[in-house]
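Heads up, the next two complexes both have chain A, just with different partners, chain B and then chain C.
This part shows the complex of A and B:
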């Protein structure tokens, strides 16, 4: 039953734009979906290696800026007269560059910060995100600083033999988001069920023991960080080409918190966790909007985060799992009950 | 040289407030093993308490300051009793996330109540600065420096000279042994969190009149507090006090001689550098590092 659930949910989500014509709702779904991709990538680190990275938005933002700048082109001076001039490329190339650059940054940051654990690791990751935000704010020649990068071209996707389409409508962007989300889900699912995934979970359960049986801790964590960052970069790229404007505020801590809330509420270390959390917290702003101001919504988010940690520390997904498991056991008891039923008439 | 002295004086003023922030955070981490993500919100709270006390309540500046500190103390105690006490024994990630949730509620609450427009706290000091040779310092900043130094000294005396302080230090070293010796560890936790919170509120109440007060002011303050604490070594009070001044010096001279845009990046670069080179911090005892 649970095996068929992810494809079934994917089909339902894919059919959604056919029913939902309201652009506001569609926009909310796309935004929520983009952050869900971020949450899926964060879950790889937080859920499977147990490392709480609170600078995850940095990779999302690096992806967004990389993709936008690759597409728009730039002209910057480095030392004196030496200039780097880049003509704009195809948006899809931007998407690829975003993934590669974010992944590389994830690798470097992981390489450096996995020398420390626990509270130290958390603080290093926050600092990294803040430094990147300050660079985006101050390197005006490259990023336009607080003036924001504007008029980012829409994403274009070419299909062999079918030509190229520019993603102009919300529905098209919705499908792009959904495709990348599904791909991210599959990548994470394949990864965690592999030998590499077992190494990650071993490190989470007992690092000393895992190392003693031959798991290369730093290498495993670093690769996980790189893959996680690459997926976040892909989400950032979609964000940049969908909204067509990015400013240094994409690096704000609150976005990391959004992703963390999605993972923790849905269930960290469960594949479905970030998806469930993403669906809840992606649609919650839409549901709450008629009733309260954005500040009040954030108060609700904070309260929900605390409530979940108090009441369901494992998140929603494990509870659903238990529920499905209890349903599976139920038919086994049915034959025992049958003879009594036959005797009834 | 003149410029150098001026930067030094500015750094001392900033450093005093930073040290207060850092000491509060390091106390809470050292004794309770809680990474306090409400620290920035408590700093903001202190500044807004100062704002309300000196405008709406019409209190004298010098009465409003202790009022704000006591308000921070009360809020800290309330947070500890409602959120942290039930989670005793939970892993550090859980308490960290709960504190993030509480921080969001406090910050959004402030934004909701007061709006996003920055507010100014009236200062009773003359506008003309005090000039000594080539260095000038406003009377308000001078007061901030003196008050911060006094509060640091007070916190020090409390921790090192009183019965409560001794119980805190005992809990810091070994909470189980302290409990066996008759220390009421639950009360120590509440007292520690309340004290740490009041120091954060004090920093906000002192820097609020120097700059302006706005709901997001705590974000950067919180990260700077982390920088200070890491610099000094998690759990080291002397380290946090020195770390506050070191960060202020780095920021002030970085802004003065390198680039003012990257002023706030100094703290983060310091954290990254310290953690890579000497993860235990500059002044920490090795056994505290997990």
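This part shows the complex of A and C:
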């Protein structure tokens, strides 16, 4: 039953633009979707390794800037007369660079902070996001600082046999977002059900025991951080090519909080968690807009969050899982264990 | 068990100090290939500390531990595990939120190193073959410790004794040449203990050397080939169960001086 739910939701989401013609609503869905991809990546760290990255937006923003700058090109002085000049590349190359660069940053941040973990990782990630924001703000030659990078080209994707398509319409960008979100979902799903994912869960549940059976804690967590950051970078790239303008405000702490809210309300450590949380908190501001003043919208936003966490402390997805499980008949308890011990396994 | 079998594990003049507190003064003993050796001693004698030093969770302030001649100094616990040393834990022996099968699969995660991370993500044939092999191994191990009926239950929901069995299966999944058991039967009832003794023996029969820390003296006496007794962080006796039972220093450590003296008087009277 739950096996067919993700593809079913994907089909419904894929059909949505056919009925939903309002560009405003479509825009809201794309924006919410892009942050949901960020939430899916955050869930890999927060939900499966238990490490909270409170600077997760840094990887998103690095992806956005990397993709934009790769596509736009730049010309910067490093020291003296030495300059780095880069001619603009294809937007899809920007997308790949964004993934790789964000992943590398995730690797480095993980490498530096996972020797100590826990609160240290939280602090290191917050600082990292703030440092990256200040760089984006002050390295005017590269990033235009507060003037923002503008006229970022739209994403272009080549399809075999169809030629190259420039994603101009909202519907096209919606499908790009949906495709990347589905891919991110599948990558995280595959990863957590593989032996790497088991090592992650082991570390989260009982670190000493996991280490004692040979799990390399630093390496496992670093790999998780790198993959998580790479997915966030992919989301940042879509963001940059969709809005076509980015400024240092993409690094704002609020966006990290939005992703954390999506993960925690939907259910951390559940694959569907960030998707459910993303659907609710991505669409809620838009859904409320016709009915109330902006101030009241945020109050309702907060009230919904509190209500969800009060009623379902572990999040919506685990709550639904438990509910489905309790409706199936409870399995009869098996007899007490007796070691067999015959022969060699 | 020949007395001059090669040592698999050598604890070489190990000392551990926590600030001014001496947890282990100068511990020196060997574990021979294929034997069941027990480490006994009253509470606070330094048994668990010794265990943590051997498995790399604690760094000794002096001396070193060698596994088949390889020094374990400075190695992390996961590296030591890969050299063939596995352990169980006293209190938290399982991953409570995973099923029994997944618990053992975590222990098997190092199997089949051929399949890379990317192969795992894209579920390529090599990864799928490796996964099937791991599941088969996990199933066999779970059957072997007698938990097949519980394979799909959450490990945290199992009884205390059953969790210990999961812990053993998990440790054996890493294919150790030596297994360290930290008070495995504490809190077990008599029949569970008997089952566990059978389990320890058959683990040894698979060629795994066993180092046991346990307070249940009848169990220790029954299962051990040799016993090493500690008190105040020092080795006070080393011998067969019969020798240990009669050792005045051991009796004194457990029962106090006057009792030891009384025992000696009774011995003298019998002689």
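Things to note:
Note that the second predicted complex is superposed on the first by the 304 of 345 C-alpha atoms of A that agree within 3 Å, B and C clash if a C-alpha of one lies under 4 Å from a C-alpha of the other, contacts with A are read in each partner's own complex, and residues count from 1 in each chain.
Assume contacts are C-beta pairs under 8 Å (C-beta built on N, C-alpha and C of every residue); 3 or more make two chains touch, one makes a residue touch a chain.
Bear in mind that the values here come from a model prediction, so they are computed numbers and not experimental data.
Applying the stated contact rule after C-alpha superposition, one finds that A:166 touches neither chain B nor chain C. In the superposed pair of complexes, A:120 makes contact with chain B only, with no contact to chain C.
Touch criterion met: A:309 reaches chain B, while chain C stays clear of it. Contact with chain C, but none with chain B, is seen for A:187 once the two complexes are overlaid on the shared chain. Of the two partner chains, chain B is the only one touched by A:130; chain C is not. Contacts of A:150 after superposition: neither chain B nor chain C is touched.
Touch counts on chain A: comparing chain C and chain B, the chain ahead is B.
Of the two partner chains placed by superposition, only chain C is touched by A:209; chain B is not. In the superposed pair of complexes, A:195 makes contact with chain C only, with no contact to chain B. Remark: chain A residues 50, 52, 112-113, 115-120, 122-124, 126-128, 130-131, 134-135, 137-138, 253-254, 257, 260, 264, 293, 295-296, 298-299, 301-303, 305-306, 309-310, 313 touch chain B in the complex.
Those residues of chain A that touch chain C in the complex are listed here as 187, 190-191, 194-196, 198-199, 201-202, 205-206, 208-217, 223, 334-335, 337-341, 344-345.
Taken together, the chain C residues at the contact with chain A in this complex read 55, 57, 76-78, 81-82, 86-87, 89, 92-98, 102, 105-111, 117, 120-123, 127, 130-131, 134, 137, 140-141, 143-147, 149-150, 153, 161-162, 165, 167, 170-171, 173-174, 195, 198-199, 202, 206. Interface of chain B with chain A (complex): residues 29, 35, 83, 86-87, 90, 92-94, 96-98, 100-105, 107-109, 111-112, 219, 223, 226-227, 230, 234, 259, 261-262, 264-265, 267-269, 271-272, 275-276, 279, 289-290.
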